[in-house]
Structure formats: structure tokens, C-alpha cells
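In the two assemblies presented below, subunit A is common to both, partnered first by subunit B and then by subunit C.
What follows is the complex of A and B.
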């Protein structure tokens, strides 16, 4: 009994850095954010309590509210679907070739190594009106394309994000794909199974924990994306929820309204994640559990 | 009897035939896969290659509408212009180094301690706390960003490094997860043997646990440092004056400056190339360490 108590105390002592960090930079800001979301606060004076007014304004008067959320979900959906499927496809190809596995893995990961601002300048110079892609098009006698125009901006950003993200997915998928027991695949071979059957009945269940993990991470990350949109522009065509929050908070300084917006996004992220855990989690196969 | 012999004679031949057929199919598949992988690989690397080559083009050639892959004249002065672009340049490098060293040190130490607590001190409340730790990865950045900014602003600490350094005291949830997985793999018998020798739990951490987790720790140090080297969105909120900028913010400031109504893109691309080099070096060193036995799959399954 005494030993148990000592262990608990030691446990608390060792995790105390996290407890302090979580209290100061997790719980406290969250509660404060919730309070601020019911206030009118423009960074001058004291926050003034106004009840649900921010939330009411948000649903009533927020311009482009639905367009913004549509953009957010389109970006999240497209980067998740393309990122995961291409990542899985390339990992399986890299895994099945006899040589140069590390070479391809490194090659595909290189875009992710570029610092954010370097990647931004790279794609800005590519997509610009007098940029590299348009000068290539012109050289081959084609008309310039307005890559960051209203119709193309979202597609351009998705291409950029998938380009930068697929390497990370491959890094996660490769050990999982390589860990699928070859005896299982060979026994399927003997039974005359084709490539698709082997994939659907052996590989896919075996790597489902990795897929599920990456899926959840992509959904959480995708719903909060704002970096590329902020840097490359695109206006309302690429405005996402988190970028909108950033603008309200850091540019307009309406902290209360921005906080209310942030809580709406938080609830949506929670709901979407919950749905995937509830319905997707069941399909995940864990080898070490019955 | 005869049929049996016939079958025996036929069988090796038949087997060889399917074996040869399988080999041929295997070869065809490999050629196809290599072709696809190379083609996609070209698309993955091409933007970066074009960036490097464009960084050597003269201003006029860059903006001429006729595209050439290689620069007509190799303009090395784009790189020289990076170093004279702003008087604060070396200050930005120094600030970045300060942020990297302090954050990486604090964050790694905290993560080691916290992961040790979760891995080796089994008690009733541990699992609950661990679930909370995992859930913190889901808190949207926007929810905590605004109140944190308000608090730091009220403390008068915006435009200092404090808001960027102090939060790392909590460690990284992701690497806590990974370290815990690693530490649980270290047999308790070794720990008990050390305890017999009179080592308390803190000594055991540094003499038994840490030496066994070096690859994981090195991975965290390298990837954390790499992330901080290119960090832009964090400092963007808190740092206001150019003397406090890190390299990313500095480059972004240069990005918004124009000459003759246009930005000096070749110089900016040269700066991007220079900035990418340390990241690439860190990545290659990191993968060397990383390859020494960390299974991500183990980390994911939990």
C-alpha cells in the first residue's frame, strides 16, 4: 500500500512538466477562450460580457460562412484522399521493387524537408502570372493560366499540399507495408488469388492501424489548414475557417468573435473525429488484440 | 505406374514453366513499377530543381517569357545579394539558433521525464492522464492561440522569445507517446538490478533508460530542430520588429519588398535554397539515426 502511494507520487513528479505545461498552455487558455467567446473584446480595456451575441452574429451575419466551411472541407477531403491513396500506392510500389527503396523514399520525402517559407516561395514563383509554369506554357505556345485565380486557386493549393505531404505518408506506410507477413501473401498466391484480392484481404487489414492513424491526423490537420492559403492568397476562393479566425484575431483584433469562431471549428473537428472513430475504428484490425 | 512416372517427368518441367512464367511476370511488373516511380519522382523533384536553377538566372532572364531550363548566364550574384539584402540578416540567423537550442533542449528534457513517468510508474491514475495527453493533440491551434496571445500581450511579453520558448516545457505529446513505447520495451529486471545497486529512480533514468533510447531521442532532437529552423507560423504571431525575427520571418519581409514594382524573385529563390540546405543536411543525418531501429508501426498501434 505504501509502495503504491510512493509510485503514484513518483509518477506525478515525473509527469509534472507536462502537468504544468498542460495547465498553463492547455486548460487555462481553453477556458479563457471559452469565456472570451462570450465577450466583446478588442484588446483595449476589459472584456465585456455579451452572452451568446458572438455566436448569433456568426450564424446570422458572417459573410461567406458556408463558403468558408465548404473550402475547409474541400481542402481537407482532397488532401486526405489524394495524400493517403497516393502515399499507399507509392509505398506498395517502393516495397515491391527489389532495389533503390531508400532512394525513392528519400526522393519523395524531399519536398517535406523544405522549410515552409522556401516551399512558399517555390510555389509562388511557379504559380505567378509571369512565373515559371506560365513561361513554360508560353514557350510551348499555350496561353497563360491564372493559377491563383478564383477557379484554380484551391486546386493549386491542393496540388502543392499533396506534393509536400505524400513523402510523410510514405515514411509512415513503408514499415507497415513491409511488415505484412510474406507467408500470408504467398499462401494466397498458391490459392490463385489475384493482386487485388491479396491487397483487399491481407495487406489492407494488416496496415489498417496505420491508415486509421494517418486518416485521423489528416482530418484534424486538414480542417485547421491555413498556412498555404495565407501565404499564396486566393481570397474567398481559398478562405478556410482557421485563416478566417486568424484574420479576425490578428488583423481586426476582434478577439471575442474570433474565439467564438474557433470554438465552432473545435466542435466540428471533434464531431468529425468522433464519427470516424465510431464508424471507422471498428474496421481497424489490431494483430495484438482479440 | 507409367502415368506416375510420366507425371513425375512432366511435373518438374511444368513447374519450371510456371516458374519461368512467374519470373517473366515479376520482371515485367518491376519494369512497370520502376518506370512509374521514376516518372513520379521526376515530378516530385522537378519544382525543387527548377527553383535551384532559377536562383541562378539573372533578373531579366527570369522575367522573360521564354523559358529555358538552364540559365543563359549563371548569375551567382543572386546569392551575394541575399547577404546584403538586409542589415539584420545575421541577427535573424542568431535568433533562429537561440530559438532552436532553447526549445529543443527544454522540450526534449521534459519529454524524457514525462515519458519515463508514464512508462515505468504503473498506478491507477496513469491511464487516465495518458488519454488526456493523447487528446491534447486534438485541441485546435486556433482555440488556444487567441487567449495565449491575449495573456502574453497583457504580460507585455509579445515581441520577446518567451511565448515561443516557455510552452515547450510541457514536452511534445507525439514524442512522449513514442518514447513511452520505447521505454516500456526496456526490461524491468535491468531496472531492478540497478535498484539493488542503490540507484534511485532518477539515477536509473539517466544510467539505464536514456542510454537505451538514444536513437529515439536523437530523432526527436533532429526533427524538432528541423521544424524550428523553418518555423514561420509560430513566430509570426508574436514577433513584430525586424530585430526579433527568425530567418523565416526575415525572408518573408524580403518577399514583400519590391524593386521596379516586382519582387526580386531570383534573389528570394537563392535565399530559399540557402535556407533549405541545413534542413536537408539535418534530414539526412536524421534518417541515418532513424534507421537504427525505431519502428513507427509499434508507436502507432500503442
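What follows is the complex of A and C.
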């Protein structure tokens, strides 16, 4: 018993630097923001407790509340689906040409090396009225497209985000695809399976842990996205929940209202992640778990 | 080995605790790091220095120049004062309020008329009148009168323009003057904006109707593409909207209740007029490239300030300048200044005299330097008159002509409308959020006005409730 207590204390001592950091920079701000979400606080004077008023205002009066969540889920869904699909597709293609593997891997990873702000500015200039994309369209006699207009802004942001993220996914998928046991694929060949059957029944289950990891990361990242929208604009067409929180907190300094918003987003992200872990995890194949 | 790991973990934990404790003690508080005296001397007389922390906007070129100027000039004049430059990242005023809330604000910091109210209401700012009275180099009488309108505040009546002065501008210009490319007017065989029917020696401003006609005449299209824009606002669209409202004798908020006026027919008429012009010019498709396009000769008219001439090489154009349009002949054109960016001092600073010495030095050193560069008008009025209006100093003829016109406009200038409970930045954020939706027809005009009205009033209500 004494030994167990000593071990516990030792364990706590070892992880105390992280625990203290997490408590100060993770738990405390979260709890404080929960408290602030029940207050009217404009960063001057003391927070005034107003009960559930911020939450009531959000659900009853917030004009963009549902629109921002719709945008958030559209962005998250599209970037996740296209990002994962393209990442997997390119990985399979690169894996099938071993001689050029390094070259293509580097080529596709380049956008991920580019700093986010530089990449976004590049796309901003491409999407501009006199940008290269419109110049190409005009060269072929087509009208300019308002890439960042109300109808196209979200699509433009999704394209940009998928472009920036696919390289990172390839680097994760490549080793997973390369690690699929060749004897399994060969035995499928002997059984007369076609390419799709080999992919669906061998490759996909074998790389499912990687897919699941990237899926969760993309979902969380997508639900928290605000950088591209903030830099490229787009107004209500691209306003995500996190960007709305940023605007309320940092532009309006309406910290109570922003905190209430943030807590709702947190609960939704938590619920979505939980659902994926609970149900998605069952489909993942872990070789050492059997 | 185990003992070493254990000892290491204890040391790490203790180190982190000590770090957090240091943070909570406000070790970075105003004037907190050094010896300080407010009796007119700096340092302890034993060679030590007084540190003044200056919180600056995130402009790397300006800050690099300031660092150099401090090294080469300030430090020679005031060897016992050390200026610690701290650069803002992110939202400047929100970070500054955060610093005040935590008691770790800088001694001197940037300030703008549109952002000053929360700092005034919390009593964070030091009145500067007494420091100017003691100053041997700069008096408040040397500073443009606009400084009073921008930064003098009476807490008892909650009004600007009277009471003590809580900040001082660095430099300024009227920044919503109508700048036009005369060559494009000539191409379209249009008269320049030069009529002077009232005979005061200054071109009369266009009326809204005349301006709208010009906007229609100057747009050039090729198929469905615009190849020449007639008018792009230049500044943030909401700022230019505020200028049009001002020149119609209106405001976007009620001066008594501070609530939005976007629900009133008079304001809605101007809003519709303004967004019609923006819509015709497909502003939602142009992005933030107004001035470069103007410099390239693709835009006939923009709104802006004197500094644009240098910043965008507008002296290569046949540049014309006029007052912003007015609703009708009976309305006065009041070109506003949105910036007037200046300095303020924390009321809790322990080194206020040293902090003011920095401001005093800046106004003198940069005042003369900026006046010689002939960009914005420096805070100290006589520098502007001495250098900027001298054709031997201001040698570029286009820039000189522009300087004369802008100089004349300063006497008509007003500070942009300020709503203490909904900042200009908030208005811009709201406007920016919904403009695209409205201009592309996804939202009706009534819904657009209704939304602006609701969003402004929500902020006003929250801020008023928070203030109690």
C-alpha cells in the first residue's frame, strides 16, 4: 500500500510540469470562459453576471447562428472528404510508381511547407478580379468569375484548403499504403479479384487506422477553421462559428457573448468527435487487437 | 538514475510555479522594471536608467525606423531614458485593454479617436494638458485644433471636444477626399471637378446627383467585364458610407441614445444611393486592390488621404482632388479624418514624465522629418507650414498641388463619427459581413438595413449594460 502511494506520488511528480501547464493554460481558461459566458463583460470593469442571457440571445436573436454552423459543417465536410480522398488517391498513385516516389512526394508536400499566410495571399491574388485565374478564363473568351463573391466564396476556400492540406495527408498515407502486406494482395490476385476488390477488401481495412486518425484530425480542424475565412473574407458566405467568435471577442470585445458561442461550439465538436470515436472506431482494423 | 529523474521533475515543476508566480505579480507592469522618478529627472542619479515601455502598432518598417531614430537621436538627448519598444500582434486595442485588465500595460501606446472611449470610461488615460504646460518645446497651441475634437473629453458630460486632453496625434490628413484621374475625365469628355460658383477660391463639391451621373458615365465595360471603374471607395466601405452620411447631414447612430439610425428613411436613402454606386462598380469583386487599380489608371475616382500620393505613386497620374460629394448645394462638405493616430499615457504609469519626454521628442523629431517628406501633416502645425507648403522642399509639382489642396481641406475637417458603444471597427466588421450578401442579391435592401440596425443595437445594448 505504501509502495503504491509512493509510485502514485512519483508518477504525479513526473508529469507535474505538464499538469501544471495544462491546468494554467487549459483548464483554468476554459472554466473562466464558462463563467464569463454567463456574464456581460466588455473588457472594461468587472464582469456582470447575467445568467443564461447570452445563450438565450444566441439562440433567439443571433441572425447568423445557424448559418455559421451550416458554413462550418460544409467546410469541415468538404475539406475532410476531398482532402482524404485526394490524399489517398495520390498516395496510391505515387506508391504504384516507386521510381518517382520521392519526386512526387516532395511535389505534393510543397504546399504544406509554404507558410499559411503566404499561401493564402497567393490564392488571394489568384482569385482577384485581375488575377491569373480570371486572366486564363478571359484568354479563352470566358467572363471573369467572382471567386470570392457570395455564391463562390465557400467553394474557393475549400479548394484552397484542400490544396494546402493534401500534401500532409499523402505523407501519412504513403507509409500506410506501402505497409499493406503484399502476400495478401497476391492471394487476392490468385483468387481473381479486380483492383477495386483488392482496394476495398485489403488496402482499405489495412490503412483504416491512418484514415481514422486523419478523419478525426480533419473534423476537429474543420470545425475550428477560421484562418482562411479571416484572410480571404467572403462575409456571411464563409462566416464560420470560430470566426464569428473571433469577431465578437476581438473586434467587439463582447467577451461574454463570444464565450457563450465558444462553449456551444465546444460542445458540438465534442459530440461530433465522440460519435466518430464511438461508431467510426468499430470499423477500424487494428492487427494486434485480435 | 531514478533519483536524478525525480529531482529533474521537481526542479521543472518548481521552475514553472516560479514562472507563473512572476507572471501574476505583474513583473511587466507600467514602469515596473526600472528605477523611476517623476520629479523631472530620470534614473537614480547613479547612472541607472528609467525604462519607458512603448506599445506600438505592428508595422515592421515604421518600427525599424523608430528604433534607429531612438538610437541616433533620442538616446543622445535623454541618455537616462530607455525606450522599450513592444510590438502588437493581433488586435491592437483589444490586446491593450487586456493588458490594462491585467495591470501590465505599457507606459505609452498608440491611440485613435474611434477607439479611445473604453479607455476613457475606465479612467486608464493620463490627461496630458499639465505636461504640455510644463514642456519647453511643444505646447498644445502648436498642435492642430483637430486634436481637441479628437482627444479632449469631459467625463462629466461624456462629450468630446471639451475637458482635458487625453492623447495627442502624431500626424494626420483628411482621408476621404475625392481623388480623380483627370486623364480619364478627358477621355470621356467630362468636365473636371473644378467649378467654383460660390467664388471662395475652392472647387465646389459635387452634389450626390452630379456624382452619381459621373459614376455612370465613367464606367467602361467590355462584355460583362468592367475595364474601367468609375468609383471605388478606397478606404473601408463603411468609413466612406459614414462620409456620405456626414455630407448628407446625418449619422449612422443617434447622438443621444447611440442606437443605429439604419432604420430611418433619411439614412436608408443615402445607404441605398451609396451601395447602388458600389454595386454598379462590382465592389464585391474587387477586393482590397482599390488604390493599386487607381494608380494603374483603371479607376476614375477613389477616396483617400494625402499620404496616398507617395504610397502608390499617384504623382504619375494627372491627379485631381475634390471635396467629398454633398447631398445638395445647401449641405456643407465636411471631409473627415479617420486616423489622427496618436499617443496616450497610462494613468497608472510610474514614469509619466519620462513617457511624455518620449512623446515630446517624437512630435519634434518626427514632425520635422515627416514635414520634409511631405506626406501626412505632422502634429506640430508650424512644421507643415514651414516645409510642406514650400515648393523648394515639396518639389514634386503633383504632390505640391495635392498638398495645397489638402492643407486647405484641413480647416473643414471633422473627426469621423464616433459611437462610444459600437466602435468604427465593429461597424466595419458588420458592414463587411453582410455587404456581399446584399450586393449579390441574396439579401434584400430592407433586410440589409434591418440587419445592420440589429447588429449595431445589440452591441450598443451590451456595452451600455456592461457600463451600467
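Some observations on this one:
In this text, the second predicted complex is superposed on the first by the 280 of 290 C-alpha atoms of A that agree within 3 Å, B and C clash if a C-alpha of one lies under 4 Å from a C-alpha of the other, contacts with A are read in each partner's own complex, and residues count from 1 in each chain.
Here is the rule we use: a contact is a pair of C-beta atoms (placed from the backbone, for glycine too) under 8 Å apart; a residue touches a chain by one contact, two chains touch by 3 or more.
Keep in mind that what you see is a predicted model, and the values were worked out from it rather than measured.
When both complexes are superposed on subunit A, subunit B and subunit C clash. In the superposition on chain A, A:234 makes contact with subunit C only, not with subunit B. By the touch criterion defined above, A:136 lies against subunit B but remains apart from subunit C after alignment on the C-alpha atoms of chain A. Contact with neither subunit B nor subunit C is seen for A:75 once the two complexes are overlaid on the shared chain. In the superposed pair of complexes, A:149 makes contact with subunit C only, with no contact to subunit B.
Counting the residues of subunit A that each partner touches, subunit B and subunit C differ, and the larger count belongs to B.
Of the two partner chains placed by superposition, only subunit C is touched by A:252; subunit B is not.
Legend: residue contacts after superposition of the two complexes on their common chain; A:38 is shown touching neither subunit B nor subunit C. With the shared chain A as the reference for superposition, subunit C clashes with subunit B in the stretch 200-208, and the other listed options (74-82, 200-208 or 290-298) are free of clashes. Residues 10, 13-14, 16-17, 20-21, 24, 41, 43, 124, 128, 130, 138, 249-250 of subunit A lie in contact with subunit B in one complex and with subunit C in the other. Contact residues of subunit B toward subunit A in the complex are 29-30, 33-34, 36-37, 40-41, 44-45, 47-48, 50-51, 54, 63-67, 109-110, 113-114, 116-118, 121-126, 129, 132-133, 136-151, 153, 166-171, 176, 201, 226, 229-233, 237, 247-248, 251-252, 255, 265, 268-269, 271-273, 275-276, 279-280, 283-284, 287, 295-297, 300-301.
Against subunit B, the residues of subunit A that register as touching in their complex are 4, 7-8, 10-18, 20-22, 24-26, 28-30, 32-33, 36, 41, 43, 90, 93-94, 96-98, 100, 104, 106-111, 113-118, 121-126, 128, 130, 132, 134-136, 138-139, 163, 166-167, 171-172, 175-176, 179, 209-210, 213, 220, 223-224, 227, 241-242, 245-246, 249-250, 255, 258-259, 261-263, 265-266, 269-270, 273, 286, 288.
Within the complex formed with subunit C, the subunit A residues making contact are 10, 13-14, 16-17, 20-21, 24, 40-45, 48, 50, 57, 61, 63-64, 124, 128-130, 138, 143-144, 146, 148-151, 153, 233-237, 239, 247, 249-254, 256-257. Across the complex, subunit A is touched by residues 5-6, 9-10, 12-13, 16-17, 20, 90-91, 94, 97-98, 101, 118, 121-122, 223-225, 282, 284-287, 289, 293, 423, 425-426, 429, 432-437, 439-440, 442, 451, 454-455, 458-459, 462-463, 465-468 of subunit C.
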